[in-house]
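Submitted below is the structure of interest, expressed as structure tokens.
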Amino acid sequence: MRPSGRAPDEMRTIAMEPGFTVHAEGSCLVSFGDTRVLCTASIEERVPPFLRGKGEGWVTAEYGMLPRATHTRGSREAAKGKQSGRTQEIQRLIGRSLRAVVDLKALGERQITLDCDVIQADGGTRTASISGAWVALRIAVDKLLASGALSVDPIQAKVAAVSCGIYEGNPVLDLDYIEDSNAHADANFVLLSNGNIAEAQATAEGATYDEEALLRLLRLARIGCTQIFAAQDKATGR
Amino acid sequence: MRPSGRAPDEMRTIAMEPGFTVHAEGSCLVSFGDTRVLCTASIEERVPPFLRGKGEGWVTAEYGMLPRATHTRGSREAAKGKQSGRTQEIQRLIGRSLRAVVDLKALGERQITLDCDVIQADGGTRTASISGAWVALRIAVDKLLASGALSVDPIQAKVAAVSCGIYEGNPVLDLDYIEDSNAHADANFVLLSNGNIAEAQATAEGATYDEEALLRLLRLARIGCTQIFAAQDKATGR
Amino acid sequence: MRPSGRAPDEMRTIAMEPGFTVHAEGSCLVSFGDTRVLCTASIEERVPPFLRGKGEGWVTAEYGMLPRATHTRGSREAAKGKQSGRTQEIQRLIGRSLRAVVDLKALGERQITLDCDVIQADGGTRTASISGAWVALRIAVDKLLASGALSVDPIQAKVAAVSCGIYEGNPVLDLDYIEDSNAHADANFVLLSNGNIAEAQATAEGATYDEEALLRLLRLARIGCTQIFAAQDKATGR
Amino acid sequence: MRPSGRAPDEMRTIAMEPGFTVHAEGSCLVSFGDTRVLCTASIEERVPPFLRGKGEGWVTAEYGMLPRATHTRGSREAAKGKQSGRTQEIQRLIGRSLRAVVDLKALGERQITLDCDVIQADGGTRTASISGAWVALRIAVDKLLASGALSVDPIQAKVAAVSCGIYEGNPVLDLDYIEDSNAHADANFVLLSNGNIAEAQATAEGATYDEEALLRLLRLARIGCTQIFAAQDKATGR
Amino acid sequence: MRPSGRAPDEMRTIAMEPGFTVHAEGSCLVSFGDTRVLCTASIEERVPPFLRGKGEGWVTAEYGMLPRATHTRGSREAAKGKQSGRTQEIQRLIGRSLRAVVDLKALGERQITLDCDVIQADGGTRTASISGAWVALRIAVDKLLASGALSVDPIQAKVAAVSCGIYEGNPVLDLDYIEDSNAHADANFVLLSNGNIAEAQATAEGATYDEEALLRLLRLARIGCTQIFAAQDKATGR
Amino acid sequence: MRPSGRAPDEMRTIAMEPGFTVHAEGSCLVSFGDTRVLCTASIEERVPPFLRGKGEGWVTAEYGMLPRATHTRGSREAAKGKQSGRTQEIQRLIGRSLRAVVDLKALGERQITLDCDVIQADGGTRTASISGAWVALRIAVDKLLASGALSVDPIQAKVAAVSCGIYEGNPVLDLDYIEDSNAHADANFVLLSNGNIAEAQATAEGATYDEEALLRLLRLARIGCTQIFAAQDKATGR
């Protein structure tokens, strides 16, 4: 029995509000239940030093959490003077996941930065970030296509992510904060709309798991991502 | 003629959405036109070291801006590893302004932290922050009163803030970004609902000003704050 | 009754010793009573990146306080690894105040940095810094004029600053440390020799104030600045 | 065809030299081919603040790489003043992996820190670190058992890790640097001697992968870990 | 021939102005020619953690240089966010040198911090700092003796320091900036009034030196320190 | 009587293992008894900004200590976010000592960085580092000569270093950790194979010393360095 009363393979309500802010080339406020993340895509006509002059673009991400996004107030990373290991790990994952569906040569020598800022947290902030960032990216790239800056679409597929875990011995989909804090194993899957996997991470927390469990978690993730892909289509009008 | 077509003493549309997030003891999404700031109030049952054992409370503030709140993306302070001088100056102003209306002895040995995070910026982020933070503070303190943790209300007045400036030679109220970037003088007034002044700051930018101009700017601020006080009343149901 | 026995509109003894150090293009040791600040002006034939190639110059300031300038030893900012919010706020104010009287185009593509280092503190360090920095700047610019590097004087007026406050209910001029620690409102005014205002900042500390009080503080500041302008003339031989 | 001429399921030579340094309670110089990591275990009779007084211990890890462990010299993290996101991600993984086989209650209120410093790098430094850290931990805990400080062994299993990847379309075991730089997918598996999984991470680099590939990589990892477990037994005399 | 026209064994003019600032328990503005350093001694009734409860005191030092103490402006260490290796090396030397003449047990559980801030630099700032810091320390300790806080004098001797070097092949005493920049070897000696040596450092710069040269430099240092001891006596009224 | 039973002028066993790592242009694992330091030389075809375009090269050094090189674990400097004053002082000394024997013009516009990382510490890590770094440098320069990148050898002599000190009243050579912790004076000498001195540093720790003692320490250092020069010859096959 899940604390929320959900079935093991039941996602929380997914909402995606495109264009939540006006300045960014693309933006989306994504909600997985009470988890809400503002994702923006910013286009800059320059690339990092290691890519200069190579005719390729870059997609990168930064992640942050407002101090009172959580149940109790956390300290502000800007005030502490450094990003935690967790923050860096998450933003590296987001960037990698989005690059998995972009043809960087087709993007041309420009950089798109995806900022994912958690307004409210209730578990699954990194997977909501990846899913919402794709919408912001799609909107930004559509503007490049509409303006003629790009003639070929560099986005090759949709990408979505969801967490799963083993809670009280049962594999469940889309953990909320209470489940996440008590799960014995915690997994994040980043899946493509063509069925492929961009990233699989399954971590034991308190109890290790076997191969069978790994496969059941992956199957739950496929169920969740199918729903996220549908929400992405709706948000981007496709 | 103002770029927005507003009259010299005309505020932008003020909106205050209380309870925008669920975890904080008080929260408010405040908008002055396209400027939007999420203000949260977090109560902690401890005080900073310099107040320990003195039977007094503390009210403090932190300020931040999402990287793409602005027209072009700014760098993330957490990634740069330090808060800018501007950020620190603003958060000191916010904290000071709110403390001006709180009886810290009546608050008891607890701290309330006001986090003001700019979701979207179009001029006047510090004054919107102060005005919205008061709503978050009011809601949080009401909870302390309702629960019996406090029996006497430590908030002594409403506090609001607004910017004014001299744009193309004319004193105008509530500068937006275009006006702010081109104003010859830039002022911020923090006013109390009892008519008193908590803070007056008027800075020459390109052209110095005389005493007459200072007084005209203050009069504009009184007009603006009257409207903000009304919005605060509405948001807090008073 | 003021602790020092001064009349409400009485400044402390002002002293300005030009040429206190030999290497800087301009220098001045300024004293407002026991507050002593060493101000130096350094000319560099380069401008910050945002001004390169625009044919304009820049004037900026840095502020510091020796660890034992104060009654009890403070920690050294270089050892702590960052400048406090207060330090940054003050050095931004000093730079802005000096720029208010300099024609940056007439200065040409060079930067003048004003370093204000507090040797001994007894209240009013920021206003003494501004007043002394003008002398250091004047001396440095005179050298540029004398050498032919400049043919037109870019300095358009004198600038001076003084603090005022409401101490035991009475507006008083030029607060020393004891008064500053106990004032109910604390103001700093930066005035030009032509009568205009470059900056007005009046902050409630413990008790808010009304418009009448703001005006009385400004009038006290005019009295103080008149004396500072005279000391500046004497120090620069004008 | 692999650059090294190895078969797809062939590990590099594994070497484990226990007691490489004299001061640490446990130490091991582990080599996977040209990758060499010095692992030390340090016992401290204190725990981090979040565990104080709970009667539980802690196992944590730190990771570093000597500047010239690599083909070209990298900058020293101590000189740069911060650890990279990659370093933090790796040391979090090492700590988590070792905790997966330790009963923290049985360890008692003490902390064991595993320092993994890469002397020479040729791919697979994080997996060699985990495998060698287990040996250092085993030796340190054996000393606690021998001295009577512990009476029950808190180590519940062996843990080992190995990388796998898809190189030129083929799943291969234990990537060296050349393979790692060109692999289309890169996975790290942390396995227990009882067959369970502590961590599975499979990341697309250039090409995403399917479920079948994920399973083949896991099977290769099992082959590699079997050999590492044998080397661990030999190094610890079991 | 020295640029200043001095004889090889001739010091620059030494000046020591005790009581230069009012707040510190001891202070001295020391000049070796154009090199001027403000030294203050601050007494605190606490010791660093490693000495707590041991009944011993501590003497430590911090060193800084105002940005425009030098011929061209250097960057401010507080703004850069860290102290240079040179600064740290110098402040460690100053602290060690003063501790060499203080009986820390006789000092009791208190700390004296010597701040040495270079107002103007022309070579030999570290040796002037040590020499002037002794005067500040002597004055501060005399206050402890006068107040009865101490009954036995913990200062066992005078300590002074001077630089020597090999300039154009000749050993010379008390290098100024021009000599220092061109010397082939550069030495600093810290000597006690009882004839003993607290520190000898002789460094090759461009050309190594032999044992005979080392001894000649030491003899020059004895000549210089004799004059510094006399100035210290005069400044402290002994 | 020394704790190790050594005679006053007896070195610990010196071992130098050239080529300890494969990537660096030169490497050496040096041991003075239980003190073991890995020294690598990295050649880069660029020079620091202050040397660009001058046709000269540069030799510099970085020093580090693994956290558990010592009897009790020290904190990792990369994790703390800064190098200690001690670390910076040592790496400045190593760089200076090696530059004393290199003709930087003959080296050409390239930089050689010597990384000295202490694997295990038992006193004398800085002197072992200098001695081992020379071997790594020699090997790296020999490669430049062999490849024809250099036609004239820029290394003018061997350089070695050793510590001496006054332990229980007696001057002794090559202090180990126990002696170093209890010595009343601690000296480090950097000597050239031609008999000259590159650096002499003798520091009082607890008791100051006289000129006679300084000379006896230097004589002990000559004895030790003779043995180190022989080990360097052997390690480099000369």
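Going by the order they are written in, the chains are A, B, C, D, E and F; count residues from 1 in each one.
By our rule, a contact is a pair of C-beta atoms (placed from the backbone, for glycine too) under 8 Å apart; a residue touches a chain by one contact, two chains touch by 3 or more.
Protein names from UniProt, one per chain: A, B, C, D, E, F = Ribonuclease PH.
What you see is a predicted model, and the numbers here were worked out from it, not measured in a lab.
Chemist: Moving step by step between touching chains, how few steps can get you from chain A (Ribonuclease PH) to chain F (Ribonuclease PH)?
Modeler: 2
Chemist: In this assembly, which chains make contact with chain C (Ribonuclease PH) and also with chain F (Ribonuclease PH)?
Modeler: E
Chemist: Tell me which chain's centre, taken as the mean of its C-alpha atoms, is farthest from chain E (Ribonuclease PH).
Modeler: Checked the centroid distances; the maximum from chain E (Ribonuclease PH) is A.
Chemist: Measure off the straight-line distance from the CA centroid of chain A (Ribonuclease PH) to the CA centroid of chain D (Ribonuclease PH), and report it in whole Å.
Modeler: Distance between chain centres: 28 Å.
Chemist: Hey, how far is the Cα centre of chain B (Ribonuclease PH) from the one of chain E (Ribonuclease PH), in Å?
Modeler: One centre to the other, that is 51 Å.
Chemist: At least two other chains touched by the same residue of chain C (Ribonuclease PH): list those residues.
Modeler: In chain C (Ribonuclease PH), the residues touching two or more other chains are 81-82.
Chemist: With touching defined as stated, please give the ring order of all chains, chain C (Ribonuclease PH) first and chain E (Ribonuclease PH) second.
Modeler: So, from chain C (Ribonuclease PH) then chain E (Ribonuclease PH) onward, the ring reads C, E, F, D, A, B.
Chemist: Give the list of chain D (Ribonuclease PH) residues in touch with chain A (Ribonuclease PH) in this complex.
Modeler: Within the complex, chain D (Ribonuclease PH) contacts chain A (Ribonuclease PH) at residues 82, 85-86, 88-89, 91-92, 96, 100, 192, 195-204, 208-211, 214-215, 218.
Chemist: Help me check something: in the complex, which residues belonging to chain E (Ribonuclease PH) touch chain C (Ribonuclease PH)?
Modeler: 21-24, 27, 34, 38, 40, 42, 44, 62, 64, 66-73, 76-79, 81-83, 87, 113, 115, 117, 119-121
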